[in-house]
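In the two complexes below, chain A is the common chain; its partner is chain B in one and chain C in the other.
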Partner chain A sequence: MSAAVPIIVLFYVLGVGAWLAAALDRAALKLMAGRPLAAATMAEPWRQGDLHLVRQRIWTERPDAMNWLLAPALYLILAAVGMSVVPFAPGFVVADLDAGIVLWGACEALTVVVVFLHGWSANAPLPLIGAYRYVAIGLSAMLLSMFVLIAAALPAESLAVSAIVESQASVWNVVRQPPGLLLFLMLGLSLTLRGPFDYADASDLAGGTSAEDSGPARAAWQAARLAMLVSVSAMTSAVFLGGYHGPWLPGPVWMLVKMAGVLAALVGATHMLARLPPARMLTLLWTVLLPLAFLVLALVGAEVLLWK
Partner chain B sequence: MAVSGLARLATSAPAAIYPVVGKDGLAAVEDLSLHPAVSLQPTPRHASVLLVSGEIRRGDHPALRRLHDQLPHPRATLWWRTTPAPGFPQAENVEGDVARAVELVWRQLMTGERRSEDNLLPDEPPAAWRGKGDHGQGGEGMMGGKPYGRPMAMTDEDQRDGLALDAYTACFGPFLSVLPPGLLLELTLQGDVVQSAKVLRAPFAQAVADEPLRRVARLLRPLGLAGAAERFQRTAAAQTGDLKILDRALRWSGALHAIPPGLGEIAGEDIRASLRRWWEQAQGIASPASLGDGRLVDLLPGLEWSEAILVANSFEYDRLLRLCPPDREDDGDQEDCS
Partner chain C sequence: MEVKDLAFFVLAASAVWTGWRVFRVDSMVRASFSLMLSFIAVGLIMLLLAAPYIGIATVFMMAVEMMVMALFMVMFMMNPAGLNPMWMVHQHRLAAATGFITFAALTIAVLLSDLPGNPVDPAKPVIHDLGVELLGNSMLIFETAGITLLATMVGTVILSSRSGRYGPADEGSLPPPLTPGGRPAGRVPEDEE
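And then the complex of A and B:
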């Protein structure tokens, strides 16, 4: 099989997944708002994206033009690179790295940089506040992820995502360490600037780092956010939900079904859960969620030792 | 061909509006936001139609002109429930069905039948480059000054953790979507923490926009609960609806717990208690309370941006007006901020 096939599939899944995520997002908002749902909701992302494309891109006074242009492109690249280590079937993966989880962790950390650059480069107060706030919360959220992912890698005794998926052939990690899945989903919300973890593009900042975006720039940033959401759902499915393992259906179909489920859960949480003020969230992260993540890691470590 | 195809598809999207709310204009805009053919935007950069609803002060006209020029092309301005102010030559007055008028203007803009409005102000910095200081910013060494008329941030004592970060003073309002309409604040921020606050202009009075359900909705929005807020607003507008669904949306969202205890407390009632009271009022199990007053500017220092926005949106309008005496006499003509 040509090495290009997994790459083509990856971009195809990112594109279709982003459209599905946008449609689910519209549907969830309408459900919460009590508006009627119609089949046309599925077409709304196209209309909305198209609308951005026909509008003017505005440059603010003295922006950091290069970083403003680069931020959405880098965000999209991080989403694609992060997803490149996730197998959709045995051996069907773009980059089957021995340290795939480390590459994913690097993408998480660089996301903080990219979101900061996006807020910084408009040279305006509200985007900059969004950027600073995101860094403050994002760093703690990334720490969560490190503990949780190491705990997921322990039973596989490998940092390769394909090995972690294989280690779940009999028991999925969500059964072994259910809090790990919840904590990783929280990180997913943070990486994609959504709902209770949206400190960058939040409603209380009138759009935050996106407040000065218009036209194609807005379309690009929104598309990159959606692509990262797809990437997070792929990683969640692989690391906690057994990846392509499952009865009756072919492995890749299982993978896509699980990804769609994770997407729906993340989109639902976006619209259903309130966002805490940053100081309150930091307290929650450091005093409850990080100790919980460490506890999960310790328990999984003990389980692996005793099992041996 | 491709462009006209894009334009046709864009026309079928809801009209993107940035509302400028004046005196007694809030309830009408909130009700308009429930119309499926329009979509209210949080920032002018995301909108194509500037909708002025209700009378605005003469002193706010310069801010409105700046706001107008922030909308990307193609753009149009509609004046509703008030007459266009002088200095807005291409503005159009709306009488009758505003949703229909907005839809029409939107379609004309997207298809190119209507010419996009020109800038009202010259596209140049508010002050000239002063060419003084190491970097021409007009200050001493690398610090201070007002490059292009914008005050440069200077290090200042921090009220919270002792980190002497840059303090930045800027004006927020009078038409910032996250603040009550008309409220113009001068805030000094360190990072996202308010160091000091001044009220430069009070919010507009809103005679008919203050039912408890609308107040709950205004607090849910900055908490990231746009869908739930719309449901509360819809019930307020229709004056009927399933309160059990609203109750579930409020409780399951964790909104009450998300608000820090003690935040915005005046006369023994904090925001959490206000939210609870409004919800109980809406259900008919509590009656309006007569609470003491203070000053909004005394509540804001030390708060993070998100907390400050919650505080600013946590009062009944008549009470908010009492809490916001301007820190100086408003002569109506003076330019407050640039």
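And then the complex of A and C:
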């Protein structure tokens, strides 16, 4: 099998997944409002994307043009690189790195940098406030996810994502460490600037880091956010939900079904959960959720020592 | 092999170029992230040297560190966004001379020393071996270095925050009241209300 096939599949899944996530976003709003779902809902993201593409690009006064233009592209690249370590079937993976989850962690950290640069480079107040606010929350959420991922890697005794998936052949990690899944989903919301963790692009800042975005740049930034959501759902499925393991259906189908489920859960959380004020969220992250991540890590360590 | 050699030269050149940009740009945010790019190039060179964990962890650590650094530098300076042009160097003649002399000395040392040519077997579990080393024989050194760094950071913060905005911090500096004889101005922490 050519090495290009997993790469093509990765971009295909990223594209289709992003469209599915955008359609789910709109469907969720309709469901919550009690309005009937129409087939046109599925096409709505395309229409809105087209609208952005035909609008002109607005420039602020003395922006950092290079970083402003690059930010959406870098965000998209980080989504693709992060997903490249996730196997869709045994051996079917773009980059089967021994340090797979470390690479994912590096992508998380660089995502915070890219979101900050996106808000900073516009040289305008609202994007800047969004960027600063996001860094405070995003960095803490990302720090926490490192312990969550290490706990998921402990039973596998490996940092490779394929080994973590293999270690879940009998028991999925969600059974072994349910809080880990919740904490990781929370990180997913933070990486994609959504719902209760939308401190960067929130409506209270008129769009935050993308308040001054318009035209194709706005479409690109929103598409990159959706692609990162797909990437997060792939990582969640592989690390906590057993990846391609499952009865009756073939492995890749299971993987896609789980990804769609995680996407739906994240979209639901986006619209149903309210956001805490930043100071409260920071206190919650450092005093409650970080110790919880430590506790999970210690319990999984004890389990591995006692039953292996 | 040739692709690896080419990758090394490209990465080494970009590490030097972005490192040089740190001192040429006019904004703290740009300087921080230029330094980050320089470290990322070095991290990728570590990948070429068959040290995948250290290489990728360098990228991860530098992204977090430079983000925190940019945030704090802008926070402590009177340049709210870090986008206003500013002069980024102090004592720059001395610093530039020291930098060039150090670079030349290190380059000469590298060129003159007899470096081992010892390719790592691709099947060798380098990450596993590194973990056993760090949490085995080298654990004392590793932990001592970690605690020393932490103590240094805490000490630096304590020393630099002694002179508070309204007088020495250890003598209970408080902002002046808004009305004569009133409560000190400013935010009262939630648990003291």
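Quick note on the criterion: the second predicted complex is superposed on the first by the 306 of 308 C-alpha atoms of A that agree within 3 Å, B and C clash if a C-alpha of one lies under 4 Å from a C-alpha of the other, contacts with A are read in each partner's own complex, and residues count from 1 in each chain.
Heads up, the rule we're going with is that a residue touches a chain if its C-beta (ideal position, glycine included) is under 8 Å from a C-beta of that chain, and two chains touch if they have at least 3 such contacts.
Bear in mind the structure is a predicted one, so any value in this text is a computation, not a measurement.
In the superposition on chain A, contact of A:G215 is made with chain B only, not with chain C. With both structures placed on the common chain, the touch criterion links A:A99 to chain C but leaves chain B unconnected. Once chain A of one complex is fitted onto chain A of the other, the partner contacts of A:R62 extend to both chain B and chain C. In the overlay built on the shared chain, the residue A:L139 is in contact with chain C alone; chain B does not reach it. When the shared chain is aligned, chain C comes close enough to touch A:W120, but chain B does not.
By the touch criterion stated above, A:A274 is placed in contact with chain B alone, chain C being left untouched.
Looking at the superposition, the partner that touches the larger set of chain A residues, chain B or chain C, turns out to be B.
With both structures placed on the common chain, the touch criterion links A:V112 to chain C but leaves chain B unconnected.
On chain A, the surface touched by chain B in one complex and the surface touched by chain C in the other have residues 62, 132 in common. Of all residues in chain A, only 62, 64, 97-99, 102-103, 105-106, 109-110, 112-113, 116-117, 120, 123, 128, 132, 135-136, 139, 142-143, 159 touch chain C in the complex they form. Against chain A, the residues of chain C that register as touching in their complex are 29-30, 33, 36, 52-53, 56-57, 59-60, 63-64, 66-68, 70-71, 80-83, 125-127. Every residue of chain A that touches chain B in the complex is listed here, in rising order: 28-35, 44, 46-48, 50-51, 53-58, 61-62, 125, 129, 132-133, 195-196, 198, 202-207, 211-215, 218, 271-280.
Partner chain A is touched in their complex by these residues of chain B: 3, 6-7, 9-10, 12-13, 16, 36, 42-43, 45-46, 48, 70, 72-74, 110, 125, 148, 168, 170, 172, 176-178, 189, 191-192, 220-228, 230-231, 234, 241, 245, 249, 252-255, 257-260, 304-307, 309-310.
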